[in-house]
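Note that the chains are named A, B, C, D, E and F in the order they appear, and that numbering of residues resets to 1 at the start of each chain.
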Amino acid sequence: MTTKTPGLTHIDAAQRPAMVDIGDKQVTSRTATARARVRFPPDVAAHLRDEALRVAKGSVIDTAIIAGTLAVKRTHELIPFCHPLPIHGIAFAIDWSDAVTLSIECRVRTEHRTGVEMEALTGASVAALTVYDMCKALSHEIVLMDTRLLAKRGGRRDVGPEAAA
Amino acid sequence: MTTKTPGLTHIDAAQRPAMVDIGDKQVTSRTATARARVRFPPDVAAHLRDEALRVAKGSVIDTAIIAGTLAVKRTHELIPFCHPLPIHGIAFAIDWSDAVTLSIECRVRTEHRTGVEMEALTGASVAALTVYDMCKALSHEIVLMDTRLLAKRGGRRDVGPEAAA
Amino acid sequence: MTTKTPGLTHIDAAQRPAMVDIGDKQVTSRTATARARVRFPPDVAAHLRDEALRVAKGSVIDTAIIAGTLAVKRTHELIPFCHPLPIHGIAFAIDWSDAVTLSIECRVRTEHRTGVEMEALTGASVAALTVYDMCKALSHEIVLMDTRLLAKRGGRRDVGPEAAA
Amino acid sequence: MTTKTPGLTHIDAAQRPAMVDIGDKQVTSRTATARARVRFPPDVAAHLRDEALRVAKGSVIDTAIIAGTLAVKRTHELIPFCHPLPIHGIAFAIDWSDAVTLSIECRVRTEHRTGVEMEALTGASVAALTVYDMCKALSHEIVLMDTRLLAKRGGRRDVGPEAAA
Amino acid sequence: MTTKTPGLTHIDAAQRPAMVDIGDKQVTSRTATARARVRFPPDVAAHLRDEALRVAKGSVIDTAIIAGTLAVKRTHELIPFCHPLPIHGIAFAIDWSDAVTLSIECRVRTEHRTGVEMEALTGASVAALTVYDMCKALSHEIVLMDTRLLAKRGGRRDVGPEAAA
Amino acid sequence: MTTKTPGLTHIDAAQRPAMVDIGDKQVTSRTATARARVRFPPDVAAHLRDEALRVAKGSVIDTAIIAGTLAVKRTHELIPFCHPLPIHGIAFAIDWSDAVTLSIECRVRTEHRTGVEMEALTGASVAALTVYDMCKALSHEIVLMDTRLLAKRGGRRDVGPEAAA
């Protein structure tokens, strides 16, 4: 049992969890974009989209962006084997993708020896959790739908379409 | 525009985001259970479920539980308007719910003036992100499926079936 | 030199810094309100108060409130001898007090064995620093004016007028 | 409403708060110096300046320096849109500037794509809050006077006199 | 393999690590005292004990106390299955126990459903690490000797002599 | 008393604690390895080494590795004058060194202007504290034995044998 588990880079030869050593990787400019989606019950979504709530929604979205931004910066504290790294930019795009679904995209940019997909995923997730928290008095049926990587650039191989990168 | 937005408890009369004051609420024993699901591409799931990886998977799950447990305790640092509160217990149950989907349940218990649904949702989310991180070298097609509240007890009204509470 | 320094409760008999033991104090309902003020150069203030910037200012204020709220909750991590304590409510009121000065009031409520004046002062200070950060591209002449306690209630003696409490 | 707000670099084209992308800025050696001032009521200042308290004051100042140093390193956690960055040096100079006013200067040095003025301002502010905390049993009339940037070097343009840099 | 591991309270029936649920335990007044010891090479110890360094040593000890105090408050962030809990008091006693050994005692007091021995041990350990850091330019032969629990009170059974409690 | 204390690099000319300025040091590849040891009472050690506990021990060790890894990344938050720095790799080796003693080695790798010995010592210490926490229900006689630096490379001078580096 002294061989490394194929593919599981965070499991060492002793079958224990471990950080990957990135000391020999190249410093490159890297980006990653992830998306989370928050689905509301139809009446709650209608309520949130109502004219009268537009200003309030501004504050909901501001809060989500700020929480997500702070979470991106703390990814290495939350995900045990993520490396601390410089963050050059974080951008959120939050909007309705259909009548009941709020789409939250988080794009992160760095220049380092490892990618920032976990940072983008963590930022999108915490922003989505924050929207949930701000709206949970309206319903307990809110669901954080599929959270996934849309694109990454700058690592060994590109992921996702150029439009999303 | 000095009236409180109906239902959005975190928006104050000036339309600014705000913490809810819980000083006049009752201290009660409360629990909340949330579930996140991680869906793998079939070949990746098969690889992870393979006999040879069972011990390694132990470490993946241990890491997810620990990251999720720490995240529960830091929920009030991540979600801006969550209250800091005592945590009496945190329990994770992680297992395959079908051939390609890992189910992560997080149950949190407290005795306080407000519930712990955000804590349970945050714990499940960060555990799921950690599984993603541990397995991402295998695929970038992993998706955090629906994350939702399964049950809560001890607040103004119960949510979800007794079996999940 | 083995006597306690009169009045300096955080210096022990050995002249070393120390946390005050609050184990024998009463649990009471307590509030504290602090105020910071941010003074802008006249042209910068005029720019910020301009009609066209009103929505943007909303985001500046949202960001300050969120940063201040999070800082209140982390006061015991920032100020070495502050006690960790439950926070029942945090409320910010931010508005222009004159043509060039933005006033930031932070009111904190708890039920514990010690007061929350440092929490209120820390919340107001970090909210003011955040306003500075959001506006610093406009000028390096922004000044955080007087930051002070306006009122506290629930401790051995009340401080400040009832209107501010 | 799709144009960027002039001057408010932290507000994006959608009027939402956002981190500035520094990926294309130059890495340069940078310093920033900020100053906070703590003003005491005359009798409290006299008490603190008294011979008998000199050793104790040492501990008050040590505590302020340490709290300020730790706060500099956590600036990006406190101020939502500050970038995490390497810190090469932090130096505090704390002394009486007149009979009732303690001056706290904090100088920060880095080599990065963005400046450290928020780090210097945050360090000075938290050091001042710590002095307040250590002395608050003596008076609730202590005021954190003007906190401001004294000088910065290494960015697009210098700020402040050479003597303060 | 569905039985709980005897004695290992942090391993659940599925052999996974888990937090102990303290919801049904009694709230009692509790203290714990731990001690770490830092042993220096003789010449380094002599240097540190020298008259000329006494004031400097004051700052070394102040720094250790502050770092240890902050670490006590963050124990639940560092040790995965520790519960967040109120801290009523933290007291450090640091002195030479013999010519080359600095003894660091940390006593923690709470009123909660679980004890504070990990808080005391963490406080003593981080204070000792801080002394190491402050003195490491003098030698790399400094050793953190035995770190242990001296006494605890208020739980199911007392540990250690009354004099140490 | 305006001269710098010989050897105590963290004490400035005013006898106050201070961070060392590393701005003029070379960026080099650096490693440090530290070791902590946890000594159990013989019956507890036998219990832990028992066949039936082997899987459980896996979780104890996983938990220690994860806590230690997270602590390495937070060293600059725990030790006041440590610099925040990139971490390229963290590796733990945990095994019995004799019948009653668990040895915990932590090796840290960076490329920066200062070394990572405090990171390695902090990682080993927190991993050891975590083992203590996981096993403390079995005994209060567990002792964290000598924690020390085994080797470092990449600074002004090497420390320790090549085999440990």
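Some observations on this one:
Basically, a residue touches a chain if its C-beta (ideal position, glycine included) is under 8 Å from a C-beta of that chain, and two chains touch if they have at least 3 such contacts.
These figures come from a predicted structure and were not determined experimentally.
The chains that touch both chain A and chain E are B, C, D, F.
Counted as hops between touching chains, the shortest connection from chain C to chain D is 1.
In summary, the pair chain A and chain B forms a contact in which both copies contribute largely the same residue numbers, shared numbers making up over half of all those used. To overlay chain C on chain E by their CA atoms, one rotates by 120 degrees, a value rounded to a multiple of 5.
In terms of the distance between Cα centroids, chain E is separated most widely from A.
Look at where the CA atoms of chain D average out and do the same for chain E: the two points lie 31 Å apart. If you average the CA atoms of chain B and of chain D, the two centres end up 37 Å from each other. Residue positions 15-17, 55, 58-59, 62-63, 66-67, 70, 74, 80-81, 84, 86 of chain C each touch two or more of the other chains. All chain pairs that touch, listed by label, are A-B, A-C, A-D, A-F, B-C, B-E, B-F, C-D, C-E, D-E, D-F, E-F. Contact residues of chain A toward chain D in the complex are 29, 58, 61-62, 65-66, 69-70, 73-74, 84, 86-94, 109, 111. Listed in rising order, the residues of chain D touching chain E in the complex are 55, 58-59, 62-63, 66-67, 70. Listed in rising order, the residues of chain A touching chain F in the complex are 12, 14-23, 76-77, 80-81, 83-86, 112-113. Against chain E, the residues of chain F that register as touching in their complex are 1, 5-11, 15-17, 36, 47, 52-53, 55-56, 58-60, 62-63, 66-67, 70-71, 74, 78-82, 117-118, 121-122, 125-126, 129-130, 132-138, 140-149, 152, 159.
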